[in-house]
Amino acid sequence: MADGDIVLGPNQYGKAENRLVRITRDTDRHEIEDLNVTSQLRGDFVACHTDGDNSQVVATDTQKNTVYAFAKEHGVHSPEQFLLTLGDHFVTGFEWVTGGRWEAELYSWERIAVDGQPHDHAFVRSGRETRTTVVQRDGDDTWVVSGFKDATVLKSTGSEFHGFPRDRYTTLVETTDRILATSVTVWWRYAAAQNDDWNASYDAIRTVLLETFASVHSLALQQTIFAMGKAVLEQFPEVAEVKLSCPNKHHFLVDLAPFGLDNPNEVFFAADRPYGLIQATVQREGTPDAPEAWATVPGFC
Amino acid sequence: MADGDIVLGPNQYGKAENRLVRITRDTDRHEIEDLNVTSQLRGDFVACHTDGDNSQVVATDTQKNTVYAFAKEHGVHSPEQFLLTLGDHFVTGFEWVTGGRWEAELYSWERIAVDGQPHDHAFVRSGRETRTTVVQRDGDDTWVVSGFKDATVLKSTGSEFHGFPRDRYTTLVETTDRILATSVTVWWRYAAAQNDDWNASYDAIRTVLLETFASVHSLALQQTIFAMGKAVLEQFPEVAEVKLSCPNKHHFLVDLAPFGLDNPNEVFFAADRPYGLIQATVQREGTPDAPEAWATVPGFC
Amino acid sequence: MADGDIVLGPNQYGKAENRLVRITRDTDRHEIEDLNVTSQLRGDFVACHTDGDNSQVVATDTQKNTVYAFAKEHGVHSPEQFLLTLGDHFVTGFEWVTGGRWEAELYSWERIAVDGQPHDHAFVRSGRETRTTVVQRDGDDTWVVSGFKDATVLKSTGSEFHGFPRDRYTTLVETTDRILATSVTVWWRYAAAQNDDWNASYDAIRTVLLETFASVHSLALQQTIFAMGKAVLEQFPEVAEVKLSCPNKHHFLVDLAPFGLDNPNEVFFAADRPYGLIQATVQREGTPDAPEAWATVPGFC
Amino acid sequence: MADGDIVLGPNQYGKAENRLVRITRDTDRHEIEDLNVTSQLRGDFVACHTDGDNSQVVATDTQKNTVYAFAKEHGVHSPEQFLLTLGDHFVTGFEWVTGGRWEAELYSWERIAVDGQPHDHAFVRSGRETRTTVVQRDGDDTWVVSGFKDATVLKSTGSEFHGFPRDRYTTLVETTDRILATSVTVWWRYAAAQNDDWNASYDAIRTVLLETFASVHSLALQQTIFAMGKAVLEQFPEVAEVKLSCPNKHHFLVDLAPFGLDNPNEVFFAADRPYGLIQATVQREGTPDAPEAWATVPGFC
């Protein structure tokens, strides 16, 4: 290639959003795993792009089939383990496939209680946050980034915001008591691609994140989310790094004075847009960066 | 007016989707009520439509202000009670307002547990179903229709479908064991516009609906939803009528035979569209219909 | 049945949101029709609801198959004609099916221009409004209600709002120049279930609705939408009745005075929620009502 | 800081999704600009995260105010120019603000035709693709990445897919004639942060992308999108690099054989999920990478 020639740069392709429900029914007490799985391959796919030569293109349909077949052959167990198994298959199975990206969402279900007893095979989707995982491979290097999204949390007091600089365009009034609400999107990078119990790690990290949100007296949403990430790093040596993206979901105190009413932080208008958007990374000093792990995690700094 | 003249027919107007968060903070243990409130008025608004004469148009902005002011003056307590109070205000306050429609969605929150103890003022949105209410007035007549939507439930066994007629266009295979999944939208009409505890009624009816879904061995989704409505009518004399709208969220068993694998109801593809859509009314014989109560309840038979 | 017995009331069932793309390729210049079709049957389905007896349940899968087969056998031509043909098939083909409801959305495509010439078989979705139709049958009675949704229109001047009553909760300032913006949802009931050219009627009615929105100097959104419906009735004798549902999509003038700037109707904040919601019916005096035609048209007064 | 200390890593914050409508009304023929603007700052914000010290936190509310004030003071003209002006203000105005990210979506409107003449101040949203721009600053370095999303295009013939490898999990049948449909998301990086007419560049690039989609006989979606990017680089020296992300929106030929019907590529089922997802970068050989330009462009390889 000569300088200025038009060439293919980074690329990946696959099958997105394979909706997989796996029922384990070895006993009458069924278990349910409900996922949305995306598989994308990287490697030598130049000929397809430049000449339409598909001889190295593992069809996206084949990737889909593999997802469903592996759910039977290997089980799911955890989104992390399932994606690692998929990634290993593609990277070792096709010599021109040198890496890829596998992503999953996991939706949680609860058993319906009948006469106070959890039912054996009837479930209601819990509606709590969506658990997420992105596994990436580049040759023998593997990155596992897990997290969740759409965890909407709110503190009805214990949040202040003041002391910010004022310029020509500043009109915001300072406050020592406001509602703090956000929908937490968080990703944490595991230091290694193995874990005795990915699900236990997830549950424990989630608990620490929510507890920290609740407990920190907040002077800024930045302070809150830094504390959340810091708490995870302090308690979980298996986590190398945490990224949080948190909209500040504004709850505006309604001015009831025109109606002869006071409003001591009781009646709020919950606004849609615009919203504050606070994004931060919490790291361990001296730990090497891992830009490959984060390159395709959506919407982050 | 002469025959053929073009005239105004049924109409209503107001402010939709007022997002209201009401914090009760009489003690350190705060309570949260989170609603989406719509107010619409009916009455004599001909001059506005034909001549742009707004002298009888209670501004939609005024309706919005009233929602927020009433949250302070009267509290919310339950969506039913809140809407009844709003309706009474508008119908009695403006002589040309003869009726209207008030609708609310209620979102539920749980306290975040910190060290196992529910926090005083930190909450996480539960993500379970959205509670809904439509109150309508026409003069002195009042209708209250309550329900919920987006309750996604699934049975991993205990569901069959066979015995249906076969014509030229029928290819469906009969089954004696399938996944049954739906997202329940349900509305029930209360026989009267008063109730000692609207919230207790809601919780109890919800429990019966979910328990019935879980317990009924299903030969058709129609059978399941009829049983759900019937159970409510049997146990709650305050309910006059129930309507259910339930998509049959198909979970297709994946054919793994090409890969040399069997699939004894373990691995499913959860499809988006198309979906079955089953809608039914369950009534008490001899109870008069109430078409006014249902006219503007969205999307129903 | 004795009074008080719990019985099945109005019900319907079928397959919703069958996504159908029909290509006509008799010549090199292809035509595309892109629809979302829902089929629902009514009739005697009591045994299925009460006993799980499916012997009269035309499977929703069969309804889906029929949609696709009919697209080949009969073509689409217009959503109205396609749904009428479907309805006729089900009502005449199964003696216990006495009626039903068939709904379609139609998405419009434009040819991609290449060197200024519309391409033979390459299209771009136009993104303009979604055309809608609901056909209902009850025995030999047929109703056709057509319309569109998601037509977002805006006037940057030529809109006033003043003269409204003021009560304790009124704070809105009067205005003689505001932005008027809405997303038009409109349905018109055809007087008969036949039409030489349903597509031509649609295009002509759409044009009149948009032209009227543009031309009317507005003193209230109510006045604008009544004028829109009236214009349709005046020009199209085949239309019996028009219903419009129009959110008032508020564009608030931003107060730039704190920054030393005036704002003569130039800079606006486009709000999401809440919004005004204006809904009206425009009729011909003396024309009988047709409540069956409107019973399941979503979200209307 | 000692190794292992927990520290703040990359971060940014601001106000997201400021919905701005700018009317130019110097004459009776109004112009409309409709944008969704996000502003995020980067710099020294450590004290806020670690101690809740807001003395350097330019409030997100102030960023919002600046967006609206600048729309009056400077006008919009193009999303690129507007964001560059915003970025310059924040980076030069606060010494601890060293960079940031500004993003906009632009929605297009057409004049409503009345009696064949485009109206002076009445508009209908066109619904075509959403134009997008991300401007980033790091000190004196500036990157401009523009593009669009949600351009849904389809070819009803002129697309093949065959010759792909077959393994144990491959069941896909080869085809020499299929529908090719996608919703194009594309970003191109401008080589410099200045342009005599950003809008003209946008329109011309958009035209080339659509024309190329239409004209290329496709052996794989990869081939099509590479050709689209290549055509842009060949014709627009101001563009340094192009990234495309294109879902393969599957249109499955419906098997009508059970109904005694053939289906020569006429009747298709348009599927939702899963979908192929093809993503590629097209570059000029020898041009340095610009990872900073792409770091926060959502969802890309």
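List of remarks:
All chains are identified by letter, namely A, B, C and D, in their written order; residue positions are counted from 1 within each chain.
Here, a contact is a pair of C-beta atoms (placed from the backbone, for glycine too) under 8 Å apart; a residue touches a chain by one contact, two chains touch by 3 or more.
Source: prediction; values computed, not measured.
Look at the CA centroids: the one farthest from the centroid of chain A belongs to C. More inter-chain C-beta contacts link the pair B-C than the other of B-C and B-D. Each chain gets one centre point, the mean of its Cα atoms, and the points for chain C and chain D are 31 Å apart.
Taking each chain's centre as the average of its CA atoms, chain B and chain C sit 22 Å apart. Inter-chain centre distance (chain B to chain D, centres taken as mean C-alpha positions): 38 Å. Along chain D, residues 18-19, 65, 69, 169, 171, 258-259, 272-273 each make contact with two or more other chains.
The touching residues of chain B, when paired with chain C in their complex, are 1-19, 38, 40, 42, 45, 48-62, 64-66, 69, 93-94, 101, 161-167, 169-172, 218-220, 222-223, 225-226, 229-230, 233-234, 241, 247-248, 273-286, 291, 295-296, 298-301. On the chain A side of its complex with chain C, the touching residues are 168-169, 171, 258-260, 272-273.
Listed in rising order, the residues of chain A touching chain B in the complex are 18-25, 30, 32, 34, 65, 68-69, 71-73, 109, 112-115, 119, 121-129, 150-158, 179, 210-211, 213-215, 251, 254, 256, 258-259, 261, 263-272.
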